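To start, I am sharing the structure in question, which I have written as structure tokens.
Chain lettering (A, B, C and D) follows the sequence in which the chains are written, and residue indices restart at 1 in each chain.
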Amino acid sequence: MELNNQPQPEVYSDKILDKTEGEGVEFVKQQHQIQIEDPDSWQNEESNHNFILASADALINWSRSSSVWPVNAGLACCAFEMISTASSRFDISRFGMEIFRPSPRQADLLIVNGTLTWKMAPQLKRIYEQMAEPKYVIAMGSCAISGGLFRNSYAVVPGVNKIIPVDVYIPGCPPRPEALLYGIQMLHKKIKKQRNFEKRKSA
Amino acid sequence: MTVELQATEVAAKLEAAFPGCTIESSGNTIVIKDEFALKAATFLKNAAGLDFNYLNFLTATDYQTYFEVIYDLVSLEHNHKLVLKIKLNNREKPELASVTGVWKGADFQEREIFDLFGINFTGHPNLKRIFLWEGFQGYPLRKDFKQ
Amino acid sequence: MALKTETFLVNAGPQHPSTHGVFRMRFILDGEVIQDVEPVFGYLHRGIEKLAEGLTYSQDMVFTDRLDYLASMTNNQAYAVAVEKLAGIQVPERAEYLRVIMAELMRISSHLMGVGFLTNDIGAFLTPLLYMYREREKILDLFDMVCGQRLTYNYMRIGGVSQDIPEEFLPALKKFTDTLPRFIEEYEQLLATNEILLVRTKNVGILTKEAAINYSTAGPVLRASGVKWDIRKAEPYSVYNRFNFEIPTATKGDVYDRYRIKIEEMKQSIIIIKQAMEQLPQGEIQAKVPKVLRPPKGEAYGRIEGPKGELGFYLVSDGATNPYRLHIRPPSLLNLTPLRELVIGVKIADAMAIFGSIDICMGEVDR
Amino acid sequence: MPTFTHNILPTVLNTGILAPDWPAGFWSHMIIFVVILFLFVIFMAMGFIYFERRVISRFQIRIGPNRVGPFGLFQPVADVIKILIKEDIVPLNADKLIHLLAPVAAIVPAIMVFAVIPFQNGAALANLNIGILYIVAISSVSVVGMVMAGWGSNNKYALVSAMRVIAQVVSYEIPLALAIIGVVLFAGTLSMNGIVLAQKIPYILLQPLGFLIYFLGSMAEINRTPFDLLEAEGEIVAGYNIEYSGFKFALFYLTEYTEAIAVSTIITTLYLSGWRGPFDSLPVLPVIWFLIKVFAVFAVIIWVRATLPRLRIDQVMGFAWKCLLPLALINLLITGAQVVFWPNVSQWVFVGVNIVLAGVLIILFSRFFRTTGDKIEA
């Protein structure tokens, strides 16, 4: 039995890959003008829950808020504060959040930690889209919130909320781990308020 | 302590090897003509007593009328250094010979200059944008770059 | 029977647990073996060099913090050295000593992270990393004490440092330098006597001396390949010529050597800090520098030995308040240049170990 | 002799459904025991997840989950509810049927192993007289599920992971089976309960080398560190389950821990004298002894996971073929000789001899088999 090594398929050539990547970036750059729907709009709607649905909601929300698994994704400086939060001193595992899933499919929370560049934007958007519902996003640090120090740059996205909807914003450059923990607790509170059995009017 | 070589002495050696290649030399800086770039680089790397085996960094500056490409050369053996500069007057289509064959460390740095200044390095094995994406308009570190 | 086989492309990154940020490697794989790799950068390219041209010299200091965010202090120092060289500013002695202490603490911190993430890439489930983090937190506490920040300090200013150390700093520092060698010893025993770690690191990713020089690598990568080159000795800046310390070198240039060098350098850093603490003079901490600095026309290249290698800032001034051109010599980017040669022909697992041993920081690679 | 199935269970439940004679109450008996076993496995898995997270946290000088319920005990409950109601994604180009079946194919064999595990004297779902053979046969079938997942996901990382797991499991199956034969030779029976009954001395003392081989081999079989190439996070991200989410991922997650429990119980049964212990004639005590031993074995597995880095694929394979296989053969030879030629010698003599022999062999092999100098083969 002999192995017959075929030449590489044409789609693997660097030129084509780079070209598609560039097109993706340009596409996201055009798309970001479109306003993203406010992820918090449901909070003001009135609830028409009965007792059973409310207790089912309570159970579901309890489980969702008690085990929020973040994606193992880091962008820039703030990533190190995120890892610090997971490390022994601050210990995110107390909240059951130490399982940083490398695959976005199994994660619930995307912590956008650091400067988002246009070249990275399609990738981040893809990570977000790969995540299974329900999914939450924390924008950590001023770069993620608004572009921060690098807002005027030619390569930086002025705020992640132009690309993906954000649930919690944590200011700071970088925010201290305590701030991240506080933001995570805010997210827990938000999850506990969710109503899972009613159709949203806007949706 | 790193010795900063007298540029005039090195320039004399360069002149002896390639007559008419230097434009000026002062301090630790030699400015040479762009067509001699590769030859001068090879010479500086291999010449006995100079042995510039280490390309410390490679960058460029936009002086609005011309580009200046800067090679910061160090010899780890003798612990001396020299700055080599090349002026490129053609703003529309700046071109320069690649020195990746001499110092492989120039690889990413030349790509960076190509990306941010638009200087074309002929002979580079994989010259394409390094930091920005394909389809980005303009060269950001040029002074006339507009977003 | 002829089997038709095909190489296939696997994309590692930009979001990948082992790429230390947003780096991307396009592997062409033949089974487990890497046939070719195309490193792709730029996912963190923020255009610092362009932004710096629009701000004044002292404002640009904040960008340096965010270059190599694991070694912000040394970045500060490199930029300050470059501007001082350009403007001809003499830094007070006490400030120089404080800078040395901070830079060496930063080096320890950065190397701790380098070793920790290397073991993580090799597959140790977080444990060594978290122990390294414990020591790093102690250093961050010290920095917190002097400047109130954990990651981006902006402590060193043009012509000195931003503020003097508080009273409780020196005792805390002494306690730290007394205890750290014991911890390093402990980690070394745990790691360096571990057969699996040795198997995974020895003879993997060998970078020869000639190649290391030709590829313009710097810092631990260069020294692991047997080149005794350290800016602190080769061209002593600040007050480094007043301290006794060694430059550790290795011979082989494999992953293990690069790991060893970092451990040894941490020990040397402690020796330097101890000497600096003894010699620390009283006096000014900030030279007289005009609020808006206008350096004379000209250019300057200031360089220091950062944790990852020679970190330099090339500045061009046209006499205005803003730098005309600011170029950063990024050790991380240049250390990555030999990556392609190192990983071709090895297995994926080794590629990650090699990549981890080079110890890069994407903020500095992409700038 | 009071047995769990026939005497204690009826008194505990006091329902009268369980007829002591099989022909009348066979099916109800079976169904109840299957349900009990299933719940046992699920709850044990959840307990193991909690246990592992807490223990690893202590290794890493952390606290671990402690906010959800008392001491964080409800953490796995929350995880399970959350993950079961999470969205289920099937990739566009996936092989849909295989993608769907893979988690089932993975978890069913893992749970089936428990059918022959004696929780106390005779208390197994099926006290097969070839129990150990059944385990050898069934325990590696889970791999099929993982390969299906790797193939069906249409993901290259998953495929690499699947290829790795095939190579790994096929290699480690051989030393594993050979190590078990040593136990069988001493016990003189293939029945799991018989093996426990035969263990006057725990076989870990009588078969130290066999125990080590079995332990390392089974670690590779269930893909735990340092052989966790299947899920090598730093290399191939999450491995075979990279494209799975929601319920299906929960099944894979459960499989991983079920296999760990299975291996812990098998090691307990084969080498740690199963349910035996002081006062094991009392009603519930044997089960408690058994569980204590299982958790102890699992604690060692966690310890290894928290400490060691991961091997490379060629080193993993080399370890199986160059180190474990010869050792297993030598172990079999020694055991065979002891059983055949000196059947009447006190077993305590063999304990001493075997421990010394195991020490010598391991030292010899560690000198002999230097992985350090290995060249990287293309």
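One rule holds for everything that comes next: a contact is a pair of C-beta atoms (placed from the backbone, for glycine too) under 8 Å apart; a residue touches a chain by one contact, two chains touch by 3 or more.
If you're wondering where the values come from, they're calculated on a predicted model, not measured in any experiment.
K.L.:
Going only through chains that touch each other, what is the minimum step count from chain B to chain D?
P.N.:
2
K.L.:
Shared touching chains for chain B and chain C?
P.N.:
A chain counts here if it touches both chain B and chain C, which gives A.
K.L.:
Let me check something: if the centre of a chain is the mean of its CA atoms, which chain is farthest from chain B?
P.N.:
Result for max centroid distance from chain B is chain D.
K.L.:
For the chain pairs A-B and C-D, which is connected through the larger number of C-beta pairs in contact?
P.N.:
The greater number of contacts lies at C-D.
K.L.:
Hey, how far is the Cα centre of chain A from the one of chain B, in Å?
P.N.:
Centres of chain A and chain B (C-alpha means) sit 43 Å apart.
K.L.:
Roughly how far is chain A from chain D, centre to centre by C-alpha average, rounded to an integer in Å?
P.N.:
37
K.L.:
If you average the CA atoms of chain A and of chain C, how far apart do the two points sit, in angstrom?
P.N.:
Inter-chain centre distance comes to 29 Å.
K.L.:
Quick check on chain A: which residues sit in contact with 2+ other chains?
P.N.:
In chain A, 14, 72, 87-88, 102, 119, 154-155 touch at least two other chains.
K.L.:
Where in chain D do residues touch two or more other chains at once?
P.N.:
Residue numbers touching two or more other chains: 60-62, 233, 237.
K.L.:
Hunt down the residues of chain B that sit against at least two other chains at once, touch-wise.
P.N.:
129, 131-133, 140, 145, in rising order.
K.L.:
Draw the chains as dots and join the ones that touch; what shape do you get: line, ring, star, complete or other?
P.N.:
Graph shape, chains as nodes and touching pairs as edges: none of the named types, so other.
K.L.:
All pairs of touching chains?
P.N.:
According to the stated criterion, the contacting chain pairs are A-B, A-C, A-D, B-C, C-D.
K.L.:
Using the touch definition up top, name the residues of chain A that touch chain B in the complex.
P.N.:
Those in contact with chain B are residues 14, 18-19, 21-23, 25-26, 118-119, 154-155.
K.L.:
Which stretch or stretches of chain B touch chain C in the complex?
P.N.:
1-2, 53-57, 59, 61-62, 70, 72, 76, 79, 103-109, 112, 116, 129-133, 140-141, 145
K.L.:
Write out the stretch or stretches of chain A touching chain C in their complex.
P.N.:
Touching chain C from chain A are residues 1-6, 8-9, 12, 14, 17, 71-77, 79-81, 83-84, 87-89, 102, 104, 114-115, 117, 119-120, 123-124, 127, 149-150, 152-156, 173-174, 176.
K.L.:
Over in the complex, which chain C residues touch chain D? Could you list them?
P.N.:
Residue list for chain C touching chain D: 8-10, 16-18, 29, 31-33, 119-127, 130-131, 134, 194-200, 202-204, 345-350, 352.
K.L.:
Would you mind writing out the residues of chain C in touch with chain B in their complex?
P.N.:
For chain C paired with chain B, touching residues are 41-42, 45, 47, 49-50, 211, 213-217, 227, 229, 234-236, 301, 310, 312, 314, 316, 324-325, 327, 329, 333-334, 336-338, 366-367.
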